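Structure incoming, see below.
When the chains are written out, they are named A, B, C and D in that same order, and each has its own residue count from 1.
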Amino acid sequence: MITFNINDTEVQAEPGWTVLETARQYEIEIPTLCYHEAVSSSGACRLCMVELKDGSWSKLVASCIYPVAEGINVYTETERVKNVRRWVFEMLLAQCPASGEIKQLAAKHGVESTRFSIKDPDEECMVCGLCTRACEEIVGLSAISMVDRGVHKKIGAPFSRPTEVCVACGCCVTICPTGAMRSRIDAVRGIPKITLTPLAV
Amino acid sequence: MFNGNVALKTEVNRLNSHTDLNDFRQQILDSYDPDRPEILVCHGTGCIANGSVELTQALKKACQTMGVDAKIMPGIKSTGCQGLCSKGPLVHIKPHGLFYQRVKAKNAEEIIQKTIIENKPVKHLLYKDPQTGELFHKEEDIPFYKKQKRYVLKNIGKIDPTRIEDKIAVGGYQALAKALTTMTPEQVVEQITKSGLRGRGGAGFPTGRKWQGALKAIEKKGRPVYVVVNGDEGDPGAFMDCAIMEGDPHAVLEGLILGAYALGAEMGYLYIRAEYPIAIKHLQIAMEQAKAYGLLGENILGSDFCFNAQINRGAGAFVCGESTALFTSIEGKAGNPRPKYVRSVEEGLWGRPTVLNNVETWANVPMIVENGADWYANIGVPKSTGTKVFCLVGKVNNVGLVEVPMGTPLAEIVENIGGGLPGGAPFKAVQTGGPSGGCIPYHLKDLPVDFDSLTKAGAMMGSGAMIVMDDRDCVVDVARYFLRFLEEESCGKCLPCRLGLSRMREILDNFSHGCGEEKDIDDLMGLAQAIQDGALCALGSSAPNPCLTTIKFFKDEYIAHVRDQKCPAGVCKDLITYSIDPEACTGCMSCSRQCPQGCISGEKKKPHAIDESACIRCGICMETCKFKAVIVR
Amino acid sequence: MNDKPKIGVFICKCGQKIDPFIDLSAMKVTVSKTDDVTCCEVLPYPCLEPGMTEIIKSIKEKEVNRLVVAGCESRLMLKKFEKRLESEGLKKGQIDVVNLRGHVAAVSDLSPKEKAEKGARLVNASIAEMRALHPSIQQNVHIEHPPMILGGGVASFTAAQELARKGIECYLSIPETDPDIILQQLYQKYLGERSNYPRLKKIIEDVLKNDRVTILPETEIVSLSGITGDYSAALTVPGELNRKRYQVGTIIACLDGELTAPGPEFGYDGKTVLCQTDLENIIYNAVIPSGQTVFWINDYETGQEEYARLSTRSAWTMSRHILENSKKSQVIILYNQKMSLPLTASERSLSRKLGIIWVPYDKAVQPVIQLGFVSFGGVNDHLEHEIPWDRIVLSPIRKIGGNSMQTAKILGIIHEESEFLGVHHAKVRPEMVGREESYLAGSARYSCDLNEALNQGKQAGKKNAEMYQKSAENTLFAPRVVCIVDTTKCVGCGQCQEICDCGGIGIAEGLGGGIPRVVDPMVCTGGGTCAAACPYQALTLQNNTNDQREARVGELAKQLKNNEFVAFACSWAGLPAADNAGNRGLNYNPDIHIIGIPCVGQIDPSVMARAFVDGAPGLLLVGCDPENCHHSFGVDHAWSRVNILKKLFTLCGFDRRRITMAHADLNHPEDFVKTVESFSKMLKALGPIEKTPDNQKKLESIYKLVKTNSRVRLLLSSGLRRPWEATYRGDQRYALEYDRSDFMDALKEELLKVRLEGIFREESRPFDLDEIISKVVDDQNRIINQLSELVAEGAIERTYKQGKPFYLSAN
Amino acid sequence: MSDQADIIEEIMGRYPGKPEYLIFLLQDVQADCGYISPEAMNLISEHACVPITQAYSVATFYQSFRLEPKGEHEVRVCLGTACHLKGGQRIVEELERKLNISAGDTTEDMMFTLNSVNCVGACALSPVILVDGKYETNITANKIEKILKQINNEHAGYSEGGTNV
């Protein structure tokens, strides 16, 4: 049994739990986007950042991957945390303006507008990689993956053509936190054949 | 198993003990004839680019054709970077100790004739002081070298890096032999700890502490443990690791083997940037030779200590300089960093305890083991011991490799060793630590250069690039440059880095396009804060540094950009205009011929004029004009 | 193991996503009352470590051996629970996840109370299924016999080589064993590959002298029986009768395609207008012709444009050979502008050095070959250009080779008649397939260059070797859900084998009917339409039996009120669509109660009928679009079954629309919503089925009929769509004739019979004809016929009073 | 493509079929074939026992891999700090104008490929460009002109014959 504090309230956890899991067990809310219970967490979106304090020393960590430790003091709503959150949301709003899901979450945390210019008004994807993790860990395939790097990073099938590997199970669509996979899956599984078939419906 | 694998020329017999090594060394030394001349041609990247390969061939040819007497037939060696790159190709002649610079293939016969045969110096090839105009014969007299303390670079430029015999002759692998015969692994670690050596890769983490941490982890998790050389020197403007690997590969290798001995590692990896083919080649050769002599591989020096190493070529990703990214890259995946909540000494390569050090750090290890921790601790300043190699580049006379004790004042490096700026102007700022470092303005010129002082000043040691800037360099542009660089190099895993950097750059773009507002500067700093806090790896969290330091020290210049739409340095295209000074212009037409827009008008022998509206500010006219008639405002 | 079911139910709050919408405490109360529920908890997140710890506690303390989690998408979460809890003794199949969030919480504006009730119904249904579960563990497969490589394609050699390298002995059935002859003939199958011949020759020789490889004289397979690990293959020498049997573990089929000359429409004469195959034969075996050779890459015109690049490559290698070896030749290569040249930079500069001239032509105009000239449209100027030629060289026509199709059929690896075998790709999760149904390599799948063919062989060998290693380590397992045959029930009618899309069903041994069938667990993908089709119910799906389904749907139906109905959604289209609708918070009619199933094709008609028996007013089946069914024809089969129920409904005077098929796509939840809306609207209009004893009797007789009456079931399954048959009895295109055929009469008779039996079962008193007629309203003669049949069967007795016949139950 | 195939076959012989050698394999193919074709990537990923997606994401992650054939001559412009300060960016723009392609692309006739690289460690001689691996130092507009002309002259010989390549 490990005992530590979240927002000055004492919580208990088992070794191997993450800070986020413990927080959720105690129904303390921490926003997440690239996190899903079904797959391993990657700590990419940085929305789940929390502040660890120890006297004057303090640092920010991603709660979805930070393992619990005896006696740490975790704070989920400090200024530094909020600062990161606010900027991440603003950047997301500018990056994925088409995603209603992100708009909702941002609004929920008091970010309604962004000061950045919008590059592609139809963009939804935030390249969190949930879909690729789902494909690999849940389906046991690897039909899609991260392509390219840095600002150009995107999700896709090799050589951006439909791939034989994909079984069109739709896990990527279901797990996608921004709804971006909806418009992408046909590029992966191939447009479904709708030739007129004898079956009378 | 790698490309360009190198076969050993002659069959050699393994060295099975310290005495074997010493005997062998003695043989080599005896075989040297002290008064047989030797011509050492610098084969650093810079000098090669300047044609030192052709030069070497020319010298060889000259020796044959000019019938040099067999007794004084010079041995011609290609060495690693001799340091003073801006004056390359460099040639060093023993035993005369003469130092020639800017030597071209055409000078070969002259050198052979004058120096080798007639034993006289070739005047016009000697180094001439730009200020005083005095001639220097010997390397050690030249201020550039005189003021340095060369320990790591000691052998570079003196030995042929492709011949292990040279290295052994100058005392290579003595430290290893000493450790294997007289020291326990723990003692080695202890020595390193006592020496106060700190990682030369940037953050300056105490190497000893790292190794001890690894030992603890090994107790917990057991072996295997890995030792890794970080040779992915991505910082633009830094090539000291390159020079070390090219010029003295055995130093790195010996350091690595010592580390392996200290930690009981059986496998080591050298991760080297693909842009350094020569370094890779030389290290391969070094490893082949070390293996052949029984200094690497099974039962090293007859002991029961076995260690193997392999070279991993980087594939062009700056982020792979970051430890966890480097590990994933060695594992054959895309170099995305992992969160570092478990330290890599505990969970590194393949989740095993791993010690990763930078090339220069490894190169320091042998001399510590050989000369003892105390000797080393006396060099430099208490908290930062030893020396540091810097790459002095940018607007400075003596561009090249510089090694000074820690704590040397900045001015000393730039003005005395670097020989000041062209035209003798004071420097505007020095950018240290590459993209993750910061700018140090002139008024801090007496800042002692060591880890802590630099960090205090908001810059950082980084791998040790020092870019000197003058008043023609715009800090906004520099900040922009580094941000663009990191934006391209960001792995794109975490949001703050992937999106934040390009957003910061956007704001700076606006500045340089003259469409920024003063409040943007505050946004910039807020965003920078968020990135520092939020980013997943060191690349991201240190990325805002250049921007932040420049804002800190040159806020007025930023203000100038946003408030009065001016670029004081005359760099930001949209804020400048080119014009031709009718007085100075001779009407030679060369600029109008070169202008890609054809927007320079005027007939022969008459002053020309630039059509503002059509000018794209490419600056070619300014570049071509021999009469400095093109002015920028 | 797990004799007495102890079921643990864990309900997820899912942060703010479920808790406020559903009155979980109320739900907990209801569920806890259900039998066999040993514990029922509401947790913040059962799926996270803290939750898992709770679950494990319940397993340890309360000996829970069945788990129902009410949370979100089972498609995503199930695997995590299985992974985490396997070590805790919950073997796969004992966990079920009900999508409370996506199917209840998010999709309607019911009150939390009502939603709690709906949730409870779904959970109870799942509990009922769990209760009926008899967990069966995954089969461990062993391979004793060596693998066999047949088909005679070049890939055979790399496959054999790879196997030998991995230390596995194998049979190699190959018609020609002289390397030189093989290479001599190779140009008819793979063009412009001379540079690879030395390598291939080495491989061949290596294989031939390898003592791990046994070369077989017989080269033609005539029959195959048994299952993975224990096949018995009968081979003959072509043209001879006596066959020889070999016991083999696995089979690798290496089949080469054929290259043939194009028809006269391109002026092919084999002399001056040649095919690339002819030219290659000439230039390498005879003399290099001088003069102007014009290659026309005419694959676009022969309708094989996907192979234009291949033809271009071979044209390039030949032109190289020509110009490097003869001074007196020129080469022009004429290609369709649609194609980008498959040449590397170095090749381009080489071709420049050699002076090969590449000429693209206007895609809008087909080049014309005239005597001595070929004319074509210019790409830029659209002007007619003309090139003189001494010989024209055309691309070959590529098609599947000689008896490849036959071989493939025997091996059960072919899916539809087509010009190539194609790459069959079972569109299911890898954990659902033991292995690709058979290793198939070579250009008979689709035309490819020699190297790829060889590589395919290598990969086949590799995969095969892996299986042998696993089997040696005892770690070769069949998928969790596969079909198993009850050989005591199976009469060997072969229906299942004919409709199986994965070629997973074979004959135990020997040939022909009457012999019990076996399912190859390593090939079966658990589509399960075979189980639903078996007239004698000899096939069942492991951990997924009819009884479980009936229990679930029955339990659900029992709890339904007024217009609420049951829907089966297949896990490839219907279920994802529903899940995504939930994710996006789309609202639809809450009457629907969704049950997820792997494929609608595995729903036995009895399961459908059961829903109505237990009081459901309607049943909806949501599957894939017919073209995109992941189990090939599952949807079509489901359609046929739904259809027979519709017919029976009409016969019994129910509205046939109560049971309906629908198609969905995972990416279009909004369409799914429309489906639900209109179906529930229709049901509302119809209202529930009146709960009269008569109606109940009718429904029960329908249920009894489709479940037990093997004549009807046989008729039904014999009408199902066959994977590789163009026409079949139940073909929807001939639905009308089908309805008019004897099939309908049979249906009527059997229905009547069942209902008559019903009457006599109820009361053991004698009935006279009129009373019987009044009970079952039907045609008098038919009734009399059926009665006398029953008498003949001895089910009832006929007695006469005053010459009037009376009927009563025999016992 | 067949004749690439035996090169690749040979390369695969150099390394054991383990995921950790994926990058080695890609590098060698890149070096020997000039680029990594889809076919090559298939073979490699199968040899290294990784899904093609991983091979693809690795190949796109690192800068040194190309997925399209390279031009016959590669011009790489150094954009290290020193070169930047001495106007490296202008050199890129100049080349882009001259070849009329943007950095990273290849000319229509497959003659030139223009790339920018980070630092080639010849900062003393900035600005620097590499033409087919050969250093050209202290670059100016005129020098660029000369270099390109020289290369084009080499090719003058066989651009006749109406070849469309």
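By definition in this document, a residue touches a chain if its C-beta (ideal position, glycine included) is under 8 Å from a C-beta of that chain, and two chains touch if they have at least 3 such contacts.
It should be emphasised that the depicted structure is a prediction, and the values quoted were computed from it without experimental measurement.
**Q** Quick check: more C-beta contact pairs in A-D or B-D?
**A** When B-D is set beside A-D, the one with more contacts is B-D.
**Q** I'd like the Å distance between the centres of chain A and chain C, where a centre is the mean of that chain's Cα atoms.
**A** For chain A versus chain C, the centre distance works out to 34 Å.
**Q** How many angstrom between the C-alpha centroids of chain C and chain B?
**A** So the centre of chain B lies 61 Å away from the centre of chain C.
**Q** Take the average of all CA coordinates in chain B, do the same for chain D, and state the distance between these two points in whole angstrom.
**A** About 24 Å, centre to centre.
**Q** Which residue numbers or ranges of chain D touch two or more of the other chains?
**A** Touching at least two other chains: 54, 57, 61.
**Q** Hunt down the residues of chain C that sit against at least two other chains at once, touch-wise.
**A** Expected reply: no residues.
**Q** Please list all residues of chain A that touch 2 or more other chains.
**A** 141, 146, 148-149
**Q** Hey, which chains are touching each other here?
**A** Pairs of chains that touch one another: A-B, A-C, A-D, B-D, C-D.
**Q** Would you pull the chain D residues touching chain C in the complex into a rising list?
**A** For chain D paired with chain C, touching residues are 1-6, 9, 33-35, 39, 42-43, 46, 69-72, 110, 158-159, 161-165.
**Q** Write out the stretch or stretches of chain A touching chain B in their complex.
**A** Counting only chain A, the residues touching chain B are 42-46, 49, 60-62, 65-67, 80, 83-84, 86-88, 91-92, 94-95, 115-117, 126-127, 129, 146, 148-153.
**Q** Under the touch definition given earlier, write down the residues of chain B that touch chain A in their complex.
**A** Residue list for chain B touching chain A: 317, 334, 339, 341-342, 487-496, 498-500, 502-503, 506, 523, 526-527, 529-531, 533-536.
**Q** If we count contacts the way the header does, which residues on chain B are in touch with chain D in the complex?
**A** So the residues of chain B touching chain D come out as 1-3, 45-46, 48-50, 85-86, 88, 234-239, 242, 274-276, 312-318, 329-336, 391, 393-395, 399-400, 431, 434, 465, 467, 469, 473, 478, 481, 485, 489, 491, 594, 596, 618-620, 623-624.
**Q** Note which residues of chain C are touching chain D in the complex, please.
**A** Chain C reaches chain D through residues 192-193, 195-196, 199, 313, 317, 341-346, 348-349, 351-353, 355-360, 449-452, 455, 459.
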